[in-house]
């Protein structure tokens, strides 16, 4: 028997009759107690999304066995599914350049225990953040960019990510455009924070673009990394009011707070298995 | 057989193992297709809340029969439950005094079809709103208050509410304190909009109180009416930033927009059976 | 002597030393009492913006005389300036098509006295809004569009605008693209509400575009009409959170509330002479 | 002659005719260039508030001389006034207990240069934050509380504050009630962050109170410390939406982000001399 602990079951499948009753019946049959459940059937894509947190009971088989048993249910409904240990802290590798606000924010949440993650490594193309990272007891990998050999640097970055066993890679204002190969290899497990309210102001210097357009609200966007720059599925966005008195530099400063909060939320939701992909969009069970 | 249409099942009961699987299994067994489901187990009160929207299928019994069949399930789990016709427009009786902004807002949403309600009657202790109400083809009941005989006025109000078969009574800035008897008789089916961010600034002239305290954000609160003034379960709240330049009168003016939006949301959620009571608090399945 | 009443002085000029002291000194000299003043010097464009509300005193000359006296000051600083009667209600002509929410909102504010404007005419290419407009005692001009002769329809629209002496034209979800000629003729005195958070989702069906992109926040934008569609100077924007459960139709419904509030604010600020143009951007002295 | 640099002039006085023109004229006369100006006349208290940022010019006297010259103007209008060096970084002493989120946030802003302050000392009744504070090179004073001799501890705290020459004391979740004597001695130069949307939920465990009341929005409040607990003039407030699923502990966690941002804003505005007292309320020239 498995010990009494919490697990997260996530499911994506074609929408049809009987999914919930079958899954709930399965869990009930094996003495699992549902503590949280969220579902969504997309009327456009006809896909169904389910996230269930359950506790195992005295009669529940070991999880590997439960997974095996669930395979029958899953295949009947063509499910893409996973059962995650809810108490396991995700391994998050952070990439950063010179702007440290998002890194700082994540480090503090990690340190204070308010964001239940592990940070096995921080990687940067600049040395600036080494001090604060190592103060937290986290290895800092400084891989400067040789413009003539970007692939070599990316190979080093990937090697650290792989050897750390990263569940998630966070681009916390990492100011380098990743190669298509790298994007593909990180597909679905890398989150970027873009410093604009996408799809407005893609590309470089978005706050300056926002200032030039005279917008009255600025924002930031956390999204999954895809090869198509700034076009990945959006996980979370945040905004703040601005007015005519704000210079581009002040927008940059205000943006830092939005970016930090938005990125922290996206990291939390991803590591709690609350984000499911629905084509180029996300289902976020908050 | 019932025609293929949508129904809303709401359930409140003690939290335990197997509720979802039993209910989902029941619906599946009678050929019902779940299109929306929300659940919540309160870890403090140990109560469980469920809202399911389902469509009946070719093999589904008539709803009265389905209700009868469900009784067995319900009694096993000590459920408080209802099955509502999702296409039925709730009958909403609106009470108003001299400030017409909330009334206007509800009338427009009703008129534009964006709020799926019926308005069989508007009742007021003032004649001011008669014109716009009757323009919408709705009977206007003007019951002025005789200070020496408030019970007589309340009796008339209740008679209109009853004869209209009201599902919901909305106090859209009705500036009269209801008697305890009236509150009790409307328990659970009357919503008030209070013009402050409760529990701050209970009682009269809340915007003036807010100004005196120098707050930087004002708000409004939609809550169920209870005999305990301004203490009923909160359904929705909204806020807006203010600053030192705003006079009490300007706060009043800004507050109107907040009140209208907050009240309209509360009315929508209640009439869509999204609001369940959890002691003195609400569960709102948005 | 002028009666004791309030006036609004707006000034735009190249930034330099002594503007405020000169203007304040001028007003003081002629016994005017400043009740409100806002200023802004744009460090990029080197333009200076000033808005002063003042009351005339016992020794103040008549306003035409005061204007004449101010000319000397103004020419010295190359000022673009105006003195407006603060108590005069601006004449606002509203254009609308089939979606009535913004119109309704403006009518209610007008009716309740919370938006100090006159509405000499409402113009539409559809008959739908005739009833509610005429109930408010406002002439409704129904000019259907003959696709083969759009200029003829525009000519009629302009004629009503001109003969009404409109200070401001509001496109309250008027779903017609104005000709360049018409845009030019309305330059600086026409406000459009665009149903997206510009510059995202320009053009048609913005809420459907927003849904397809999977954004987590939607918005609306009030801007001055220019020949360059959806590119006019932004006056105000508003936003609201959305999530994966919202269909495009629900985004449209939520958007209505944002549009109404944002447009009402822009109309208020414009008619209170709080909006000054700074190239393609606006200075808004709220 | 003074070098060309920026100064902040703040003024509070009875409202009357000619203040702005006199002050602007004075500055103009002594070759000062106004780069920013905000004013407010309170129609209720009849007090006038002015904040002007100006640059000195070639002909401007030294600031001590300018101050002396201004005395004549000031006494004529009964002004409470100051001229601050805009480039001088305020000395901010931070008090903290066990919750480090606000401290962390301030340290990061200080470290990144985004909040132009000096932090000569951090004081705590717990040892927990010593590591991170000293990593930033800031002295950490750990003064545990002897319940039988609170005055002794307060005396030590005050001594550090005094010897550091603190311009501002920030209670960054310092969980001790200050004595009346200490409140009086810090009057007008101490900011507290209260973890609720005041005046709701004064006193202890406000998030638990908020949960019990079932509010749909929580908040935090930065205010000046006064002897009357949680009643000091409010500088800034922030809010966040919550729903029925949030436990008191989750409200606490969400509240941390609000508290950090709200406190940082209050500290910025105070140290930039943007906050003027208006009785028990504040004028904040943002």
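Per-chain residue numbering starts at 1, and chain names A, B, C and D are given in the order in which the chains are listed.
Quick note on the criterion: a contact is a pair of C-beta atoms (placed from the backbone, for glycine too) under 8 Å apart; a residue touches a chain by one contact, two chains touch by 3 or more.
A quick map from chain label to UniProt name: A, B, C, D = Formyltetrahydrofolate deformylase.
These figures come from a predicted structure and were not determined experimentally.
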Shared chain contacts [chain A and chain C, defined touch]: B, D
Fraction-based call for chain D against chain B, same above half, different below: same
Relative orientation of copies chain B and chain C, as a Cα rotation angle in degrees, nearest 5: 180
Higher-contact pair (C-beta pairs counted), A-D versus A-B: A-B
Averaged-CA centre spacing for the pair chain B and chain A, given as whole angstrom: 37
Chain B and chain D, separation of their C-alpha mean positions in angstrom: 42
Where chain B touches two or more other chains, by residue: none
For the chain A and chain D complex, residues of the former touching the latter: 100-101, 104-105, 108, 112, 114, 131-132, 135, 253, 256-257, 261, 264
Touching residues on chain B, where the partner in the complex is chain D: 40, 42-44, 197-201, 212-217, 219, 233-239, 243-245, 247, 278, 280-284, 286
Complex interface listing, chain D residues touching chain C: 17-18, 20-22, 24-25, 27-28, 31, 33-39, 41, 57, 241
